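Here chain A shows up in two complexes: once beside chain B, once beside chain C.
== the complex of A and B ==
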């Protein structure tokens, strides 16, 4: 476990952003997340965008209810940030605080 | 396990509670716009809170460029018309393709319009460069509610062509105004030589409205130098073919008065290598022609005068020589007479040979003889303007009288005076001028008649109404000079 965590810490971690097609909040969340990652966390994360409009069954994996929702799987525990990510401070706190856990 | 769900740890339960609270907060704060609804144990469905995507279909059906932005200025949708307008591909438009279409200045204008639209409808103009050509777009922005989202709808209308059309209309109006206010006649024809515009000056050279007629029909110019081979329409044809014709003299006979004109024609080029017709100008030469005629007249008149004067000089020379006994006497009398002639000529030349004032003439002729002119000389009655024909002989008569007065008469003594009186009314066909000497030595008639005497009596006899009679009274010489009334043009009080 420790080995895998160390490995994970070296490479970029995955963030999964759940959106619903091109709703305004989905588009805003994608844009905001890209901006936060580029400006504040370069190289630390790779973003996977999951369109639940196309594949609603994928919501079950992370038990998604509201869209948009950002899921950070690693490091554990799993973290969910709900909303359009327009409050970049809140997003950063969630992502960075977790790193220190 | 009794309810079929796995047992959850306390931490997991807290986490789920926290998540549920976060979802409620996010809904309340409008941060989400879609929900996943579990329909059965295997299928889920996503419901968007903005109703549906019909606004996109609506925007796509619009001919004008349209886009929707969220309240933070993020592009939500950009229709195909706008992509085409901005020359940006549909896939790249969301990926900053939209914003890259603008330079910094115009990007700021769009951003300001988006911000302002949250409060009120906003209209402004932006510019973009598409394939090197500047396009001007009219931007209208207004707030819009998309489901739970505040948004801004923006339309872009390409007004480049409209502005261009307005400018060319304005340019045409200006061109027409210039045409109308040109002093010279300006005529515009189409490529077939049919007159399409003619200004006011051009109208006066035609017998009727020239618009719609061929140039030749409308003005019927006559080119005397071209012996009928060249007609007005030929000029236009040359100009339409791209060759300018300049400064050909012609007669424009169709106006109220026939006028001499200088014809020029040039191709009317609206764009490079595109000739739309011809522009012809007809410069009125009447004034110049009249000036030329006047000059010719003056040259002839001058020639005539010079010949007359030379004949007079020869005659004076011969007659003076025949009446003078010595070379010295000849030189004195001859030069005195030539100077008298020159004095009259000088004044007439100053007046462009129009007329000469009697008082001026007398003063000029007496100047060589009298130092204190005003004490020794007076002129009474009205002053008159005398035409050149009478002025030259009158000048000679005054000279001879003055010479006589200086040699034998009133000007030989300090107390002698001369008065010139002009009768206020004509005497028949003549105006009478009297020369009266007083205060000089006693006068006795001359023993022989010299040339001076002849000059006095004959000089004005070119007309029956002219002449002079000298009387050698003992108290002083008097002379009655009759000037033909037709050579006296005006009278005025002596100044």
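== the complex of A and C ==
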């Protein structure tokens, strides 16, 4: 299910964060993710925030159940992290583990 | 019983279930359907949903957490639902929610708002009134934080209730609780337990309403069935003894048997037991009951637990009864199933359903003894009791055959069965003088005066006939013994007649002789008479002469003197 445009181009990869409205959990997740990316992974990722309240069909399309969900589709395999990303170390481990492959 | 106020119900369209629950599932509320794997939860739920969408104008959403939608579609398509069409018409939406725990990491706090959004989208898309969650427990294997899950599930149920959706939640049966994850805590309105039990290698599906708030409901287990007609619940209600009775007589199809019952056959709506040893003609006689009903233009069902339809048709043709034309004509319904195919209860349920569907005037069960192997004697008896009651309440004549293992004296089973039956025909097959002969005896026939004779039961290619046995010398004889006895009797009769003739002849002869003697004596008498007359005359002549002589003598003396 992928668009393989910039995978090998060494450009920044996309991280999609699915939220549902401006709930505390969603806001916390956005804040945490932005912090992690700027502090630890500068330039490696671009963050896209999708509000499923506004476009619920995307939840169906991307099979999202839990909110918030962070999806890293590339590089494969697909990774999904759910929760408010309050533990930045764990987030980093999860984003990097597969990247080192 | 009436529906209590405040509870409105949504029909499931599941045969028998709506009757059992007096209307279906509680509208706008969640119902938990739980049971072990393979007990039919998904089928129950999908039948509820599809019937609603197709027949009751209540569109539905099927949320599957386990099976893929394509599997669900093919599963229910085999039961006669065209799911694709319903999906195309926008009456059904299949939402597949699958979570692969291996690609998921939990970091921090989360909720299941995504699930809610997806459900809402699906619900709005078809305007759903019904929803099925099958089975929400798989979320527990996808997410590791049970505290969050429980809170979210509780929220989900409340949310569905607020939306007024009639919901079925399926749950897998756990140890010591109804569901593994204790879903029953969250569903307080209606809980249905499906069970799939195997006893003596025979499986039975059973359904029990554990809880149904606001409705009087039985807590008994009722059997249910999954077959080509889908899901059907088969409530077996116990009926009282207040059925109407009929004075109408119906023919047994055997003229001679009708004649034994003061000429008119059995009463309509009675239960008749035909018991006998192997090969005594039970099936043939019972089939002739059925054939007779068909001849009258009535419907009949023949439940056979030993023979296939072709076999019975062939066998009956050999004694001059054509069942095939009745089967083709739709009057005779022949249902063949091995006793081990279902459990007792299921058999009963299937039979009742069939009877309710066909509405026959006569039902044949051949033989009921086949069940003895598949159940306790008490169970068999209670099943038959329910069957008898059911048939009586409908005024349906019932013919049961029972295979006896011995014909010397009645076994306990026979005694137990007999009290349920209105009429009991005993078929014997006895060896006398080197040959077996079938005999028929009317052991009882409630409310009918009947012959107390043992008849010889003869099956020929022209049908069944009952011959009066030879009765003489204080014993009854059948078969060739009867024939030889009858011949002997004929011979001795001839002899006796000849003897009488001879005797009469002898007497006549003697009489003639006596008459001749009388004649001779008379002649003698006559001769004597003649002789006597002659003597008398001579005497008179003599006396006259002598008187004259005297005078002459005196005359002459005077002349002298």
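Quick notes
Quick note on the criterion: the second predicted complex is superposed on the first by the 92 of 101 C-alpha atoms of A that agree within 3 Å, B and C clash if a C-alpha of one lies under 4 Å from a C-alpha of the other, contacts with A are read in each partner's own complex, and residues count from 1 in each chain.
Operating definition for what follows: contacts are C-beta pairs under 8 Å (C-beta built on N, C-alpha and C of every residue); 3 or more make two chains touch, one makes a residue touch a chain.
Only a predicted model underlies this, so the values are computations on that prediction, with no experimental measurement involved.
When the two complexes are overlaid on their common chain A, residue A:36 makes contact with neither chain B nor chain C. By the touch criterion stated above, A:27 is placed in contact with chain B alone, chain C being left untouched. When the shared chain is aligned, chain B and chain C each come close enough to touch A:59. In the superposition on chain A, no contact is made by A:15 with either chain B or chain C.
In the overlay built on the shared chain, the residue A:67 is in contact with chain B and with chain C. In the superposition on chain A, A:90 contacts chain C only, with no contact to chain B.
In the three-chain superposition model, chain A touches both chain B and chain C at residues 20, 23, 25, 28, 52-53, 56-57, 59-60, 64-69, 77, 80, 82-84, 86. Those residues of chain A lying in contact with chain C across their complex are 18, 20, 23, 25, 28-29, 32, 52-53, 56-57, 59-60, 63-69, 77-87, 90-91, 94.
Contact residues of chain A toward chain B in the complex are 19-28, 31, 52-53, 56-57, 59-60, 64-69, 77, 80, 82-84, 86.
Contact residues on chain C toward chain A in their complex (touch as defined above): 95, 97-99, 103-115, 117-118, 120-122, 139, 142-143. Residues 15, 19, 22-23, 25-27, 29, 31-36, 42-46, 48-50, 53, 68, 70, 72, 74-77, 94, 146-147, 149, 151 of chain B are the ones touching chain A in the complex.
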